[in-house]
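By written order: A, B and C. Residues from 1 in each chain.
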Amino acid sequence: MMSRFDVAVIGAGVMGCATALFLARGGMRVVLLDRGEICREASGVNAGTLTMQMTRAALIPYALRAHEMWMAMPKWCAGGDVLATSCPGLSVAFTDAEAAMLEERARIRRAAGAPIELIDGSAAQAIEPGLADGVKLAGHCPIDGFASAYLTGRAFRAALQEAGVTLMEATPVRGINGRFVLDTEAGPVAAQRVVLAGGVWLQDMAAWLGVTLPIKVLINQLVVTERMPPVMRTVLGVASGLLSLKQYANGTVLIGGGWQGIGDRTRGGVAVRPENFLGNVRLAAHTVPALRQARVVRSWLGLEAETADALPAIGPIPGIDDAWIIGSVHSGYTSGPYMGRILAQAILGEAPELPLFPIDRLLHQGSNSA
Amino acid sequence: MIHDIAVLGGGPAGMAAATEAAHGGARVVLLEESPAPGGQVYRAAPPGFHAKPDPDRRAGDALRAALTKTGAELRTGCRVWGLGGGPLVPEGQAHAPFSLSALGADGVPFTLQARALILCCGTHERIIPFPGWTLPGVIGLAAATILLKAQGILPGRRVVVAGAGPLLYAVAAKILAGGGSVAAVVDAATQGEWLRALPALAARPDLLTQGIAWRAKLLASRVPVLAGAQVTAAEGDKVLTHVRVGDRIFAADALCVGHGLVPATEASRTYRARHAHRPEDGGWVPVLDAAQRTSVPFLYAAGDGTGVRGAAAAPAAGRLAARTALQDLGFNTANAPEEDAALARARRTGAAMARMMALRPAMIQAIPAETIICRCEGVTRAAIEDAAAAGAGTINQLKHFTRCGMGPCQGRMCGEAAGALLSSARGVSVADVGFTTGRIPLRPVPMEAILGDFDYADIPVPAPAPI
Amino acid sequence: MSLRIPQIACPAPVTITVEGQPVAAHPGESLAAALIAAGLWRFGEGEDPARPRTAFCMMGVCQQCLLRLDGRLVQACLTPVAAGQEVTCA
């Protein structure tokens, strides 16, 4: 058996990578395992939106700090870069019902710290000339932006290695014996502490420790266009949150918003639903009419985890010393690196800068053996 | 309204499959991207174009005539972009009818459903990159045959023909016959390889005779044939002017180059059928049983898209797929295997040619570091090897690390070379680096065309996430 | 010398315009073929001088031959010529 690590982090997505990186920088001997390759699931395939206007109100303080981290990523990630770009964000309402929803949501988010102001359609068009006519109301947030999510794995990988993290990719963990010996296809891996960071697979991972933690799986669809001349310069969404739109420096426009495809925990992303693909691109073309000139090149799926109350699971696992969990963060990519940083603080025995999201609330009394 | 059998792709396999399925009493639809069925080898000339009929044209016309007579529904000139149904259903749900979303020839979007789907998607050309291959004037070998045969146009006045397989000599001979000149034929295969393939070629005396005639024509025209050689660079300022082969430089205004054929598997990948990597068949192919069934119920595949065997062998595979589909759907059909010695010979010759056209690892190794591999995204060999060193171990992760294969062709042109480069850089097999996940659209689609008329209020916006 | 093979009969030529210049082409042939026959191998500059737009696969796969036809993006190799078409770079 190999020598004991101080901590084993299972799941090399943005949460697992950030946690592992900050733990290693805090002096721990860290092993980071993934059944596949680094950031190949949700962390590498999400829409890369770094917005406050889709973030849950309770997470705004975290997302604001994470936004700063993303924009400065090469500085704290050993040069690793996801081409994070800061730009204004607009959430628009085309109908009275959407305007009412927008007003309410902007108010709640503003109270939580997001500097969102409500503006009319022509003011929104002044900020985003690509925006369609007919906008009744828009939420404008100067703190917004986007990243190229597909670069996340490459960006973290070098920093993890520089920090001395042992990275074990393509190493599925089958279970955890005792405290803690990971049963992996590459043999047992022993660690003093364990961090579960498995995205939608957290439910299965928690079960290894005898903990029942129901996790819902969202199958988010994404669509991308061919490179095209500039048609927009902000991050755009609609009040319902079901559109996210941005144009990258290379000219491609990424269309997201959480339209649902087919998939599940067992099979992963199975298929993009053509009818939802069409609904999503119609919403996009309605919002930025110049997109009608684009060719759509590709769609794909990302699996997002959600707890019963749609708030994160970040903290110690009750009843099992030295076992921790991180995940199910709504708009998790936006807040991801900051969540990893505060969990690492807690594991290192420091006071986390902002409170964690302990999972006690999600566990039924008596139903867990822990 | 639901079809019993949809056939995707109207080459020789697809035409024969649709014909057989219609004869069996099924309600059939054939979907084809070109204006007329035929495929690449049996491609129909545009209306009003007439050439002296050759054996390929006659074979194609016979398949087209048989298909037309059945009254099967033909949707030509249509672009299928969306695939759904079949196994693509939520967990626990039963297998659904296959659903195909397309743009019609008239530009009107439509969706149709079928209980069974036969994929006859053919192949596209493999190109092993070399410096200058992206220069205008450099064109595929199969592309050149389309220009020469279907459009009646020479690729250039003085042409270098390069690559691997029998198409080399076919293209060179057709250029000469059309009044052009051939500066050189650059054959990756050695004379020894051709000699070893002779017994298999002899199974098709018609092809062997044709091949000998092509060679004789080159000899008579004093065309240099460089065996066991490859193009080292295509050169020119705005367009091609010279082709370099080692120390030799040929002035040329066109270079026709191809290194074999790659089965088109995007549809079978999207339907999550099982695939295997078989270099001698052209690369990744769907795994089939003896009756053309894929691993997905009611999904069948036939023709070169399942392993390169040539146009002559494709119709029988298409017919077999159709009979199997009819049987699986409960149609009363006699499923007697075709006793066809000619077919066996066609397959034997096809397999020998496929081996000749298989990916050549030595050519991959010879690619200079700064050569563009992914043309859509401008990714070089050096960038691929950097990514391999930085930890990319699969073709999907290579995409993330470099954008290789993320452009409009979605890795169809670069996938083979990128996979081979990645596998050698990582010291693993090509099978281990895998293939890119299949996702819609099958081909890039203009957004304007698929949007259709809609009202904002009619967009079925799902319930928003909690605040 | 013309690149058109004399043994192949085809409909009488029509005129299309390519970047404002008149080009003779035969109705039914692909735009890509018509441009090659006219000696116009370079279909556009694209985003990188090392990878300009041109015909390569002629069968709708490689996506390199993208052009604008009467304002719409089309693949030149899959688009038949018709009289009066206006072709510009993509």
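In this section, a contact is a pair of C-beta atoms (placed from the backbone, for glycine too) under 8 Å apart; a residue touches a chain by one contact, two chains touch by 3 or more.
Note that the structure is predicted; figures quoted are calculated from it, not measured.
Q: Of the chains shown, whose Cα mean is nearest the mean of all protein Cα atoms?
A: B
Q: Pick out whichever of the two, B-C or A-C, is joined by more C-beta pairs in contact.
A: Greater number of contacting C-beta pairs: B-C.
Q: From the mean C-alpha coordinate of chain A to that of chain B, what's the distance rounded to whole Å?
A: Between these chains, centre-to-centre, one finds 38 Å.
Q: Quick one: chain A and chain C, Cα centre-to-centre, how many Å?
A: Computed value for the inter-centroid distance: 45 Å.
Q: Averaging over Cα atoms per chain, report the distance between chain B and chain C in Å.
A: Computed value for the inter-centroid distance: 22 Å.
Q: Could you pull out the residues of chain B that touch at least 2 other chains?
A: 407-408, 444, 446, 448
Q: Which positions in chain C touch two or more other chains at once?
A: Within chain C, residues 73 contact more than one other chain.
Q: Please output the residue numbers of chain A that touch at least 2 other chains, ranges allowed.
A: 227, 293, 295, in rising order.
Q: Can you check the complex and tell me which residues of chain A touch chain C?
A: 227, 251, 293, 295
Q: Under the touch definition given earlier, write down the residues of chain C that touch chain A in their complex.
A: 47, 73
Q: Could you please specify the touching residues of chain B with respect to chain A in the complex?
A: Touch residues, chain B against chain A: 82-84, 87-91, 99, 101, 111, 270, 272, 387, 390-394, 396-397, 399-401, 403, 406-408, 410, 437, 439-441, 444-448, 450-451, 454, 456-457, 459-462, 464-467.
Q: Write out the stretch or stretches of chain C touching chain B in their complex.
A: Its residues touching chain B are 1, 3-11, 26-30, 33, 36-37, 41-43, 48, 50-52, 54-64, 66, 72-73, 77-78, 80.
Q: Give every residue of chain A touching chain B within the complex, in rising order.
A: Per the touch definition, chain A meets chain B at residues 37-40, 44, 54, 56-57, 94-95, 101, 104-105, 108-109, 150-151, 153-154, 157-158, 167, 169-170, 225-227, 238-242, 258-260, 262, 264, 266-267, 270-275, 277-279, 281-283, 285-286, 291-301, 310, 330.
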